[in-house]
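Take this structure, written in structure tokens, and hold onto it; I'll ask about it next.
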Amino acid sequence: MSDEPRALLKLDGFEGPMDLLLDLARGQRVDLARISILDLVEQYLAVVDQALRVRLELAADWLVMAAWLAWLKSRLLAPAPEGAAEPEAVEVAEALAARLDALEHVQRAARWLGARPQLGQEVFPRGCPEDLVEMDRSGLAADLPQLVRAYMAAVRRGSSGQAYVPPSPRLWTVAEATARLTRMLGGPLGRTLGAGWVALERFLPHVAGDPAQRRAALASTLLAGLELARSGHADLRQDAPFGPVLVRSVLVQGGQDGP
Amino acid sequence: MDPERLVEALVFASAEPVPAAAVARVLPGDVDADAVLVAVQARYAGRGVELVQVADGWQFRTAPDVAPLLLQVVPRPRRLPRAAMEALAVVAYHQPATRTEIEAVRGATLSQATMDALLEAGLIEPKGRRETPGRPTLWGTTDAFLAQFGLRSLRDLPRRDDLLVERQPTPLV
Amino acid sequence: MDPERLVEALVFASAEPVPAAAVARVLPGDVDADAVLVAVQARYAGRGVELVQVADGWQFRTAPDVAPLLLQVVPRPRRLPRAAMEALAVVAYHQPATRTEIEAVRGATLSQATMDALLEAGLIEPKGRRETPGRPTLWGTTDAFLAQFGLRSLRDLPRRDDLLVERQPTPLV
């Protein structure tokens, strides 16, 4: 009974039934080519049996191996009659021994590899490699076929029906500013203001973000204000240099009080 | 353990320059890190690789006189962006052409960046001005353009008519 | 220019093994690259940094005995677990091998974690498929595998018999 915990403990450390078999074979302390398969089978079945007594669940592959080994044991003890369809038990045992031999080789190879100085473990490469390559980007990757294809693509797009119109930035003209200023001073805004002074900026049209368009609108509106002042339709005033320019309607004062 | 061997390996394997203080931490307490570093530096003096002191520590570097000999120049030709290639092709076939004319053929505006790219590559050059209002610059291709595309002269360009077959109206099925 | 300095600098600059052919390219035509490499190797023998021949190339590496002290400063990735080392050994000796073949030799299933570890470390790579039903992927080792374990080629792996004879056969009692 004292064997039980040890057997279970061992089972957990194995990478599967073959690993256990190989360990048991090594325990026989003989050349792998000369191990007693029968002894090995007995030992494996004993370990699995002990493991099952302690805990019921055991991965299927352990049980499959146990069943197969039990079959092998029975055949080794009582060979099938000559000419039976089943493979010779001795041949099966030899195949098992060969598999154990292959596994033994792999485990030794793994240990051999593991014992070598490994890069990044025991030996290290240059930590900050130096780049001795320089890219020369001066050349141009372009050939005649590309040029011709580009020309064809350009011409096709150019003649694809949409007439090309060079875009001209929409700038607020003096005429437009004059019309707007006149209309607004005479309209509801002008009437609300009466004879009061209003900052000229309030008559600017709504212009989207473009600073050039904003400057153009400001300049046009100022010129429009000067034009109206010259013709006597409005008064302009600026109380300080760079201060706000104020405008006042003369039309309203002149008594044109709406319809 | 020979301190010089240790310092050699430490500086070699580090991804960053190694400060003398970090060297000292690895060496036994009674060993002078600076002295060891100077000794290693002397050992590598005149070799293909040298131990140098940079701002934040010590580092191996290719000897300055060897580096140019090992420098490998790899040609990585640039590609022209599509817009530049098209503008170049239009100039090639329609030269001398104004910027507005190039835009009209392509059916798209021509950005200053595209013009700059062609100018910088030396593929186009000004060829006087058109005597119309605004006197716009006329553009033409250069000798470098011919060389780039393996042409002896502009007459070697494939004929326009051979390129552009009149588009047939698609038959209605 | 002293060829040893050139070769030293070229190999030292790279974190990867440098093929002898690349070394030959920086040397004058009449200089034997291998002879120079061997001379440089001799110069560095026993130093903290050594010149070794791995994976069809030459690489400077720290000497293995310096590692314990270096590890105070240089970070070290986790070692591969036993299952991964064994799977790697199967691939190394039986390549190209399918996953099923690897599992058959080991007598245990190959977990996804093990595959991932080997792939992430760049130690194995797909080498086509076996033309059997299901066309399973074939796996082989990489140059990084050779470099990792300091091997010049797969021929440097010990022969099967050499691995097995180290065990003394105990006479049967």
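What to note about this one:
When the chains are written out, they are named A, B and C in that same order, and each has its own residue count from 1.
What we mean here is this: contacts are C-beta pairs under 8 Å (C-beta built on N, C-alpha and C of every residue); 3 or more make two chains touch, one makes a residue touch a chain.
This is a predicted model, so every value here is computed, not measured.
When chain centres are taken as C-alpha averages, the shortest distance to the whole-protein C-alpha average belongs to A. Of all chains, the one whose mean C-alpha position sits at the greatest distance from that of chain B is C. With centres set at the average Cα position, the gap from chain A to chain C is 32 Å. Spacing of chain A relative to chain B, judged by their CA centroids, is 28 angstrom. Averaged Cα coordinates give chain B a centre that lies 36 Å from the centre of chain C. Residues of chain C found to touch two or more other chains are 10, 12-13, 60, 62-63, 70, 74.
Chain contacts: chain A has residues 124-127, 130, 132 touching two or more partner chains. Every residue of chain A that touches chain C in the complex is listed here, in rising order: 15-19, 21, 29-32, 34, 99, 101-114, 116-127, 129-132. Partner chain B is touched in their complex by these residues of chain C: 1-2, 4-10, 12-13, 26, 46-49, 60, 62-63, 65-66, 69-70, 72-74. Of all the residues in chain B, the ones that touch chain A in their complex are 9, 12-16, 59-62, 67, 70-80, 82, 85-90, 92-93, 100, 103-109, 121, 148-151, 158, 163-164.
Those residues of chain A that touch chain B in the shared complex are 124-128, 130, 132-137, 139-144, 146-148, 150-155, 157-160, 162, 164, 166-167.
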